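Read the structure below first, then the notes.
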Amino acid sequence: MSTKKHLNIGLVGYGFMGRTHSNAYKRVNDFFDVPYRPVLKAVCGRDRDAAGKFAGNWGYESIETDWRRLVEREDIDAIDVCTPNNTHAEIAIAAAEAGKTVLCEKPLAMDLVQGQAMVDAVEKAGVANTVWYNYRRVPAVTLAKRLIDEGRLGKVFHYRAQFLQDWTISSDLPQGGAGLWRLDAAAAGSGVTGDLLAHCIDTALWLNGRIDDVSAMTETFIKERKHNLTGKVEKVGIDDACAFMCRFENGSLGLFESTRYARGHKALYTFEVNGEKASLRWDLHDLHRLEYFDHADDAQLRGWRSVHVTDGDQPYMKNWWVPGLQIGYEHTFVHQVADFLENLGEGEPTAPTFRDALATQAVCDAVLDSAENRKWETVVPV
Amino acid sequence: MSTKKHLNIGLVGYGFMGRTHSNAYKRVNDFFDVPYRPVLKAVCGRDRDAAGKFAGNWGYESIETDWRRLVEREDIDAIDVCTPNNTHAEIAIAAAEAGKTVLCEKPLAMDLVQGQAMVDAVEKAGVANTVWYNYRRVPAVTLAKRLIDEGRLGKVFHYRAQFLQDWTISSDLPQGGAGLWRLDAAAAGSGVTGDLLAHCIDTALWLNGRIDDVSAMTETFIKERKHNLTGKVEKVGIDDACAFMCRFENGSLGLFESTRYARGHKALYTFEVNGEKASLRWDLHDLHRLEYFDHADDAQLRGWRSVHVTDGDQPYMKNWWVPGLQIGYEHTFVHQVADFLENLGEGEPTAPTFRDALATQAVCDAVLDSAENRKWETVVPV
Amino acid sequence: MSTKKHLNIGLVGYGFMGRTHSNAYKRVNDFFDVPYRPVLKAVCGRDRDAAGKFAGNWGYESIETDWRRLVEREDIDAIDVCTPNNTHAEIAIAAAEAGKTVLCEKPLAMDLVQGQAMVDAVEKAGVANTVWYNYRRVPAVTLAKRLIDEGRLGKVFHYRAQFLQDWTISSDLPQGGAGLWRLDAAAAGSGVTGDLLAHCIDTALWLNGRIDDVSAMTETFIKERKHNLTGKVEKVGIDDACAFMCRFENGSLGLFESTRYARGHKALYTFEVNGEKASLRWDLHDLHRLEYFDHADDAQLRGWRSVHVTDGDQPYMKNWWVPGLQIGYEHTFVHQVADFLENLGEGEPTAPTFRDALATQAVCDAVLDSAENRKWETVVPV
Amino acid sequence: MSTKKHLNIGLVGYGFMGRTHSNAYKRVNDFFDVPYRPVLKAVCGRDRDAAGKFAGNWGYESIETDWRRLVEREDIDAIDVCTPNNTHAEIAIAAAEAGKTVLCEKPLAMDLVQGQAMVDAVEKAGVANTVWYNYRRVPAVTLAKRLIDEGRLGKVFHYRAQFLQDWTISSDLPQGGAGLWRLDAAAAGSGVTGDLLAHCIDTALWLNGRIDDVSAMTETFIKERKHNLTGKVEKVGIDDACAFMCRFENGSLGLFESTRYARGHKALYTFEVNGEKASLRWDLHDLHRLEYFDHADDAQLRGWRSVHVTDGDQPYMKNWWVPGLQIGYEHTFVHQVADFLENLGEGEPTAPTFRDALATQAVCDAVLDSAENRKWETVVPV
């Protein structure tokens, strides 16, 4: 029924991100007229039963229990890396070397060195690649980018972002293992810095340009937790909270904060940009709205506008429903797949590429260094 | 220290409104350069001790216990009527006949007949007069009027207003007597219709013009309450809730509702006007903001603006503090006194005059008739 | 890969609702473990090319251009009626008589007589049936129902709802034909009453019980529009706006309003319920939130809570993502399909059934009668 | 008419703060039953005409043009220092040495050394003293303090505050002289740090305890401005923006930011405190509301409550109007005077005293040092 080219997907990992990606692959062609049709060819996980159940639920045609085997399969076009952070590099590099398209969950890597190796691999292999910083493709966020690019804000003075959660406040919560690897430094690399701030940084670099230097602090409020893999109470190695100040290359000041100890906030990613002519702000808890203040408005009627981003004039929205009817979180992944497939057809890269994501990694590294050394750190140019 | 003319005030009644008016008289010259200085000459109340205490608190120079005596005093320029509704007409008419300026609390009267007599009296006597529909002078509401007068809304399609409270839900609350006369039909005339909807109607007529006809319903949820004056449980005669639909002369549709049984709302007076080109809305719980939507805004950036009405460009605000710093409820009375004194110096009337308020009375009467007769009623032109 | 039973769907109509339903059928099994798997067997539309394109997009296996042919097909289990309102009855009755499961878009029918015939048909045939009043299954709305059923509001005093849009303000907009049949009285039966208020009424009856009587008004602001089918300027037969007051059987007062002339509102469906102990409110522009006020809260800390309905404890949400991440409009249809398939497996009806929807039709009829006759009308019991 | 003791006020400076204080003195006895009645005895300013005009407006009985003369007057009980920051110390110390009560505008001093001398002076003289950090007495902020003291938040993890303005973005704005001394480093000492962040710090120390160390950055976006006193274009010495991270003694992390370059914000002072059991937040643009989240609420109904702080149960509010009717900015000064006069009658200090304000000065100094040195600085204990 379709003349589209197929893109055979091999998914590695079937956790929360495995679900969001699978959904995106399945839905994209219903809503976006792109030249490729993703085919859910195989899902790979070490636990055969769990992988099988996942495959059954989502309609994957086959399963693998060793990602190396998946990478070798000739019927696989693209490897999607949804595993814990400490495995991204190995899998992605192997996939690139095997000539596969690579789609990698964020953060790109455990650190800058590892990230650089990944960039080298995909660029050397010349394979299409992207990193799932999905929030760029919330329509309201994409609209923010458009407004900035149109020059509506003028010179930017301030950029601030936060990502606040509250799910780890209980000291009874263990660390490590399925669903909780984000609390295990060995698997995650860092805590909120790589998990949450990385999103804020990716958006910031996209919207506001390079960050020159940072001063950061981190805290681990609960010092020991039972480890699910060893069964023992062990020192917690991740940062529960991280805040940093920075200066952007464009002269603006930045302020970033992330925590999993902000009671009352589930996933409150917010950002605000203050420019000479206008300001804008957004938050993930009402992701379908963009707040906008325009100094050019009639003086007696200036005010923050709450723009309900559901009109066909606004990014991605003509493909969904009708004005006033909001979309949700999962659609950001559909948008990323849509853009990726469209670009693939034209041989164009899809931002953020591995190289784009390396810049975020550089900031994360500087942040963690600064927090440890208690001094300003320059962000390594990438 | 001042060369302003004095306006000697005789206040009748010292309840909640007595306080708001006294405060307004005392403050107006600190903030507004008007040609008169109100002097708190006398307060009148039947309870000598209570009146004396009120006078001591606010600095009234003398007290009276019979309003007739107050009206006769030659050192009194203006009579301010703050008593229960059933006494407005007698006092105001006597004051007018004695040549006094009359400032009367709302609603003007118990009904249209009584109100017409009051209008006749002040007009025959040629005395300055005004009715305390204070919400017209919330800066955000005055701004709304300005925007409509500037034609920014274009043709109006819809007007809706509500005034929601929750303070009478308990059946233990008695009716009648000091502080509770608003629950006693003999003293108040009606319940929420005269107390709350009258405000909504006054604003509506001011902003959107004449109402032609209405269809209303009322309800008394608690049928009997102990009466504080008789000590007995008696039938409740007032309306606890009232809603009505109407058509305005300009072709727009109106919807109004008021109740004291809306759990969670203390004094939520709201209105919204939808025009061809723009819409606006306001509520008393955040009275310093006006919400405004302008269809002429760039399509991708249309949204409701939350205008923080604290700038010098906005009505009354240059007389107060600096942008961003809000004023409150009591300031509306200061504004009314300021306008009244300014107009008095120029021999101009201050809206709403008794005649303006008569139009609101006509709508209230039609509403109560419609609710009783269960049919559409034409509003008597006044 | 699946052992689920198949439910072969035959979709009639491929407009906006055809898309929402198709999406729901395709997604339900990815997120809900229900005993049936819908199969997109056929889509039916008079325009073969358009139907073919729709089928290609969504993956329907075949197309029909005559719904009678579809109804006759033995490989079809369920007929989904997504056509203009004036064709619901004929198609649904034929489908029922053919023994098909019937899923019908709202409003059920053009009027009560037609609706009764539809109820009779499905009940006589004993076929499963449901009407797509999808807003019942917004998680926040379902949560409201749960709270009311738990008795948290106590005695209800007030129910108010509105559905405000602004898309037909321009007089250049034509009526009739594809995409615009909602403006054509012959196809739609009524304007906002059947299109928008029907949603408000369905929710109200579900949450607050029977409506006894109503007093309504309607208005058609633009009297003539070009008709797309005839090419001529013709009288507009629909109501552009409709408001009504009502009394519920439980003693509470109701106020409802709908319009397509409320500048600034795209699809602002809102409702609020005020009870003795608590109140709640919701709106479609932020559909993932429920506002809740509980009088039992500590007095100094009472306030409206903005509940972000994204937790696993809340209706339907454990099947989606993680706390803080919102879903959107389309998910309400997925929920309705999920419930329908679950109930189908157990032989239980899925509300709202045709009979449930008939009650809404009765209110709509009374509303239109009242507006025409300018008097209170009793709602016919069904 | 009053048996209250008089407190004869000598006001030094008649700018914006001169107005807020004068209003507070004039209004306090109308609303609060305190043992003293402030008398506006004299206002002092170098410009005799301007001082005379101010005196006439507010009713000061006399004027002085030399503050030393005012301090010597035997009929003055209290000196209120409302002059630019660089004169606070000299005036306040002289007043204390003359045995006067001293009320000083914030920030206390130009730096810690100067501030310590002021503390020494008032303590040696044993005179009553207070500093006008008025935001402590916004009812919603006082309520926040009460909630924290009641233990409702439990262990605190995060404190964040910001004070955002946009009034100096234009490079045409000059520095120095009347109304603009806040832009002149010689008169103001610092820019936003002393002007705005000092408020944030005062509240933070009050609510969350001592700050141990800080890492800060400052920026001056417009490097040169015309100086109103010299008439020349001169280097701007103040900070236009300042942000800092810190650690509190109680283990929580702090994040503070202030700027006059945040387009769209007039006076947006906000703070948020995240505790183990509950969180709260407040902002000055809607100062009558406190947002509160309580984890102990029923799981399916948890949400941020918007508490409309206008009830008699809430701090200060029983002295004003009725529930639902908000007060504004100026009332915070009335509250401070009310508390001061009440405490004066009982011989008790009124926080923040000079000593309390010294702690804020210590943080400001550390912040400015850190910004200059680009390293973490320990806050000097005071």
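Lettered A, B, C and D in written order, each chain numbered from 1.
Just so it is clear, a residue touches a chain if its C-beta (ideal position, glycine included) is under 8 Å from a C-beta of that chain, and two chains touch if they have at least 3 such contacts.
None of these values were measured; they are calculated from a predicted model.
> Starting at chain A, how many touch steps does it take at minimum to reach chain C?
1
> Count the C-beta pairs in contact for B-D and for C-D, then report the pair with the higher count.
Contact tally favours B-D.
> From chain B, which chain is the farthest off, judged by mean CA positions?
A
> Using mean C-alpha positions as chain centres, tell me how far chain A is from chain D in Å, no decimals.
About 42 Å, centre to centre.
> Between chain B and chain D, tell me the centre distance in angstrom, where each centre is the average of that chain's C-alpha atoms.
36
> Could you please state the distance in Å, as a whole number, between where the Cα atoms of chain C are centred and where those of chain D are centred?
For chain C versus chain D, the centre distance works out to 55 Å.
> Which chain A residues reach two or more other chains?
265, 302, 304, 308, 311
> Would you pull the chain B residues touching chain D in the complex into a rising list?
1-2, 16, 19-20, 22-23, 26-27, 29-30, 55-59, 165, 167, 265-268, 284-288, 308, 310-311, 320-331
> Please output the residues of chain A touching chain B within their complex, sorted ascending.
The touching residues are 143, 146-147, 289-290, 292, 294, 297, 299-308, 311, 313-314.
> Across the complex, what residues on chain D touch chain A?
157-158, 160, 164, 166, 169, 215-217, 219, 221, 241, 243-245, 247, 251, 253, 255, 257, 259, 261-265, 274-279, 293, 295, 302, 304, 374-376
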